[in-house]
Amino acid sequence: MTEVKLSELLLKLNCLKIMPRTGWFFCNVPPSEVEDVAQHSFAVTTITMFLTDELKREGGEIDGERAVNMAILHDWAEAEVADFPYTAQKYLASPEVKTRMERGALKEMLQENPEKEKYQGLWEEYMEKKTLESRIVHAADYLSILVQAIKYRERGIRSKEIEDLWIAVKKDLEPYSAEFKIIKKIEKELSSIFRAQPSSL
Amino acid sequence: MTEVKLSELLLKLNCLKIMPRTGWFFCNVPPSEVEDVAQHSFAVTTITMFLTDELKREGGEIDGERAVNMAILHDWAEAEVADFPYTAQKYLASPEVKTRMERGALKEMLQENPEKEKYQGLWEEYMEKKTLESRIVHAADYLSILVQAIKYRERGIRSKEIEDLWIAVKKDLEPYSAEFKIIKKIEKELSSIFRAQPSSL
Amino acid sequence: MTEVKLSELLLKLNCLKIMPRTGWFFCNVPPSEVEDVAQHSFAVTTITMFLTDELKREGGEIDGERAVNMAILHDWAEAEVADFPYTAQKYLASPEVKTRMERGALKEMLQENPEKEKYQGLWEEYMEKKTLESRIVHAADYLSILVQAIKYRERGIRSKEIEDLWIAVKKDLEPYSAEFKIIKKIEKELSSIFRAQPSSL
Amino acid sequence: MTEVKLSELLLKLNCLKIMPRTGWFFCNVPPSEVEDVAQHSFAVTTITMFLTDELKREGGEIDGERAVNMAILHDWAEAEVADFPYTAQKYLASPEVKTRMERGALKEMLQENPEKEKYQGLWEEYMEKKTLESRIVHAADYLSILVQAIKYRERGIRSKEIEDLWIAVKKDLEPYSAEFKIIKKIEKELSSIFRAQPSSL
Amino acid sequence: MTEVKLSELLLKLNCLKIMPRTGWFFCNVPPSEVEDVAQHSFAVTTITMFLTDELKREGGEIDGERAVNMAILHDWAEAEVADFPYTAQKYLASPEVKTRMERGALKEMLQENPEKEKYQGLWEEYMEKKTLESRIVHAADYLSILVQAIKYRERGIRSKEIEDLWIAVKKDLEPYSAEFKIIKKIEKELSSIFRAQPSSL
Amino acid sequence: MTEVKLSELLLKLNCLKIMPRTGWFFCNVPPSEVEDVAQHSFAVTTITMFLTDELKREGGEIDGERAVNMAILHDWAEAEVADFPYTAQKYLASPEVKTRMERGALKEMLQENPEKEKYQGLWEEYMEKKTLESRIVHAADYLSILVQAIKYRERGIRSKEIEDLWIAVKKDLEPYSAEFKIIKKIEKELSSIFRAQPSSL
């Protein structure tokens, strides 16, 4: 019986392949070019693996499987409630509104999955940003946005909003850059590529 | 000075041309075909004009300008907060959360517009669904979804979700069909076209 | 019986959501990004409402409902004959050829609509550019093109043709800028934004 | 000096790669899937080559180079005036209006080309439908539409308009089917594939 | 220094977000709807996690981190050489040609990455299909194609090629269905959904 | 019986309308804007006709029909094996691998075509680059890439890869520029347009 539900869950998650990352629309990226949640999740998962491997190489202790699994599922709820835009958050009574909505959606989605407690637990851990693993996934999430912004600018996008987004994400990344040498290095490298793209187009 | 702001508002509202109507993603409509908020608003405005003219012809008293203006602006807030999906609403503590968010966004957007009170007033009237004009715009909104669903099915879309959407919208339309003869007639006609499209594809 | 026809008309007008504004193709805007007639009509209708409200605020006398309705329907004929490109007009024996074609299409389309005389009358008024309302809709039409051009340039489009289009539309707007203070102000503001986008990309 | 003009002509003709074949919009094909004039011209040129080779094999006398060159350029004017839709032709005083427009555009486009007389002559020959070569290109044009319609239906498109188009094109093809055995055979084969696709979707 | 290379690698891998899975083109899926390698890799990674967790629950011994990492990188080489189509493989002297090409591309891409041996090793393990982990990733890869095929059919795609693909993938899945109960169950469930979609559209 | 096969061949070749030219993906051109093989083949065929006519005008002896037919079919094999990317060729044991694959695909595709020997012969002649006609088609192929690159840059694309591609194609064109005056002139003209587009965007 659980497998029937797995089939349905796979079909449901397929929806992430057409679910746009809404933040880009405000930067004037058209629907035909907008990143979707599946592409984004792949990038975050990939970067999480890179960061995890680097930390291990430096002698750090990190649970690579937990980190990568967290990256895989961090945006699953969006298959039910879409990507709630960054720009809309200031109009909520509290950030908790968005969290509660996504928690509810994830719970509904995993209802009959035998591992629902594990997956919901990973998501809660991600939202709390306390463990090393969850912090690495958040850093990977921010880095993935910087990479994508550079590629959109490479295609000609020059809205004020994409520059604002860049600045905001770099700010979000600061605590992680301060904590992890590897993140600081990647961020500096991406910033230097970004600056080499004339902002004045 | 107000005109400077009008320029900015026009550029801001242009964003509605790339802002997708998220409900269709859940029906498996891909980003390249998904209706955007500007297209939708045009359809709602057009249908509002038709309904208004029909009511007038039948001797009803309706303020055509107010109705059409309300239709034009009913989704403006989405240029700031995107289209909050239907499927996400059940995960909110109350529907008021969405309303408050959109009210805040609209206020921000109109901040320096000399007619801000008029436009915000029209939006509040729309949200309350009490006046004849606001009820006509809501009916137009629902009818526009039925029309679009038929066209997507004409292109081959046969998800269970598009059938569920159809049923939900027809239900939303019921009080309006009961109240206005013209709406009942259009709804019946569209239903007959929908049924003639084999649901079994 | 008329309602059956209304259903059909709604399905017909839905076609405007996929009907491209051909002028942009000549500017090298690809099909996936090209503005469609529904989006354009929404922009023109919105700007018409803004202009109307501003004129009223300045104490002018303008029939807001008639102006907005005219904006809604000014391009309906294109659901039957597509958007005849600007660049093709010089190859016609007279501009009347295009007008006659669109008049015929609109007539066919409204054939069984109880308000056909009203709608056809509004379209004729629009084409004649004599009344205040029709002149405001024409100005709104030109302003909407300037706004869209800025947004395309924001995405990187830098064809010679988009600059030529800008110059041509500004010229078309001249009589309206001379007549209406608000239009002159918006035009100047948009021009200053346009100039701030390096044409040399 | 003529080569400079050749460069410009190549850039101009590149525009055919984004110029949609408008007839498909009326069949509910969205912009992201609509055939463009370059794709269409390639199909017509290819089919012209096949037909030419078949006629030669049967012992017919046909100038293969002239036929194929005619196919290559038969829609060049659309880089200047876009694809005038089939559905709009009945609103013209005479079919000559479209012909004159395209003739003017082609003339302008070829203005400084050393072979302008050859190319314009081939286009006139095509428009007159008298020579064997021009008749073969027209047949190829119609066959290419039948092929494309089958492929759109394979993707789920089931509008009444695509069925109407099929019938209209088959009718246009009749004189050619009557004249050329090979055309009749291809048409019959395509019809049998079309019929095997349930029209009732 | 390695971090500079990591930046470049991230920008390189971003390319997977626009790299289409070529097999779908032969099924008549248009470019605007075609799955890309990043979306596909996300699906494979997700399914790998599900399968791994299920096997663990059943008491199996599987290295979850290695399996998921293998899924993440199994198609990285395509950022350099694109997705080599299924249909082209029979024209190669041996399947080894494709393997050698991808091995070379991956090596080039990871040239300066400190973990290159680990990543290349995981890829070789994947290609050999011998370990439990690599077999699970292959099964996940096949299951992801079945899921995507169902979603394309839900949008109306009814080419013979998509049916042929279904049959071929089910055949490829057979040894895994025989080996793993969970895979057999998912495959049966998906097959029952597929069959419920009329193939006769 | 051969005609049945012709129908099938036409449907097969239709696939070239959705088959992307993979090289552009590496330049960061998104799928919604990427040139397809049919568009490309049209451009190559057109340029071949121009070059042929120019050579004839200069008194050269060239078989125009053979040249143009060769251009039409030079990429047909890609309907079976997709467009093998430029960047992947260095990972092949020898260029012969790609040639053998395409030869096999073309042979399969033409299996029952009465002119298969003619078409296969033209393709072999093209691959050998020895005859005047085949050399002209290769030059046309390279020129068409330069034209397309300029148009992509006009839309804002500014990846390092598009500049590298430009340089590589110009190098490939060198022997043809040296041999044919007309080709040198077009290349110089295109280069001057390219240089006038700031590479620094």
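As written, the chains take the letters A, B, C, D, E and F, and residue 1 is the first residue of each chain.
The working rule: a residue touches a chain if its C-beta (ideal position, glycine included) is under 8 Å from a C-beta of that chain, and two chains touch if they have at least 3 such contacts.
Note that the structure is predicted; figures quoted are calculated from it, not measured.
Student: Keeping to the contact definition above, tell me which chains border both subunit A and subunit B.
Tutor: Shared contacts of subunit A and subunit B: C, E.
Student: Hey, which pair has more contacts between C-betas, B-E or D-F?
Tutor: Pair with more contacting C-beta pairs, B-E versus D-F: D-F.
Student: When subunit B meets its copy subunit C, do both sides use mostly the same residue numbers (more than half shared) or mostly different ones?
Tutor: The interface of subunit B with subunit C is built from mostly shared positions.
Student: Counting only C-alpha atoms to place each centre, which chain is farthest from subunit A?
Tutor: So the chain farthest away from subunit A turns out to be D.
Student: For the interface formed by D-E, which of the candidate pairs A-E, B-D or A-B is equivalent, sharing more than half of the contact pairs by residue number?
Tutor: B-D
Student: Hey, how far is the Cα centre of subunit C from the one of subunit D, in Å?
Tutor: Chain centres of subunit C and subunit D, defined by C-alpha means, are spaced 31 Å apart.
Student: Using Cα averages as centroids, what's the distance between subunit A and subunit C in whole Å?
Tutor: 40
Student: Can you compute the centre-to-centre distance for subunit C and subunit E, using the mean CA position of each chain? Integer Å is fine.
Tutor: Comparing mean C-alpha positions, subunit E is 48 Å from subunit C.
Student: Hey, what residues on subunit F touch two or more of the other chains?
Tutor: Within subunit F, residues 28-30, 32-33, 36, 151, 155-157, 201 contact more than one other chain.
Student: Can you work out from the touch definition every pair of chains that touches here?
Tutor: A-B, A-C, A-E, A-F, B-C, B-D, B-E, C-D, C-F, D-E, D-F, E-F
Student: Tell me, which parts of subunit B touch subunit E in their complex?
Tutor: Listed in rising order, the residues are 28-30, 32-33, 155-159, 200-201.
Student: Enumerate the contact residues on subunit D facing subunit E in the complex.
Tutor: The touching residues are 32-33, 151, 154-157, 197-198, 201.
Student: Tell me, which parts of subunit D touch subunit C in their complex?
Tutor: 15, 18-20, 22, 25-26, 28-32, 34, 36, 80-82, 84-85, 87-88, 90-93, 97, 100-102, 104-105
Student: Which residues of subunit F touch subunit D in their complex?
Tutor: 3-4, 6-7, 9-11, 13-14, 16-17, 32, 35-36, 38-39, 41-43, 45-47, 49-50, 53-54, 57, 64-65, 68-69, 72-73, 114-115, 118, 143, 147-148, 150-151, 182, 185-186, 189-190, 193
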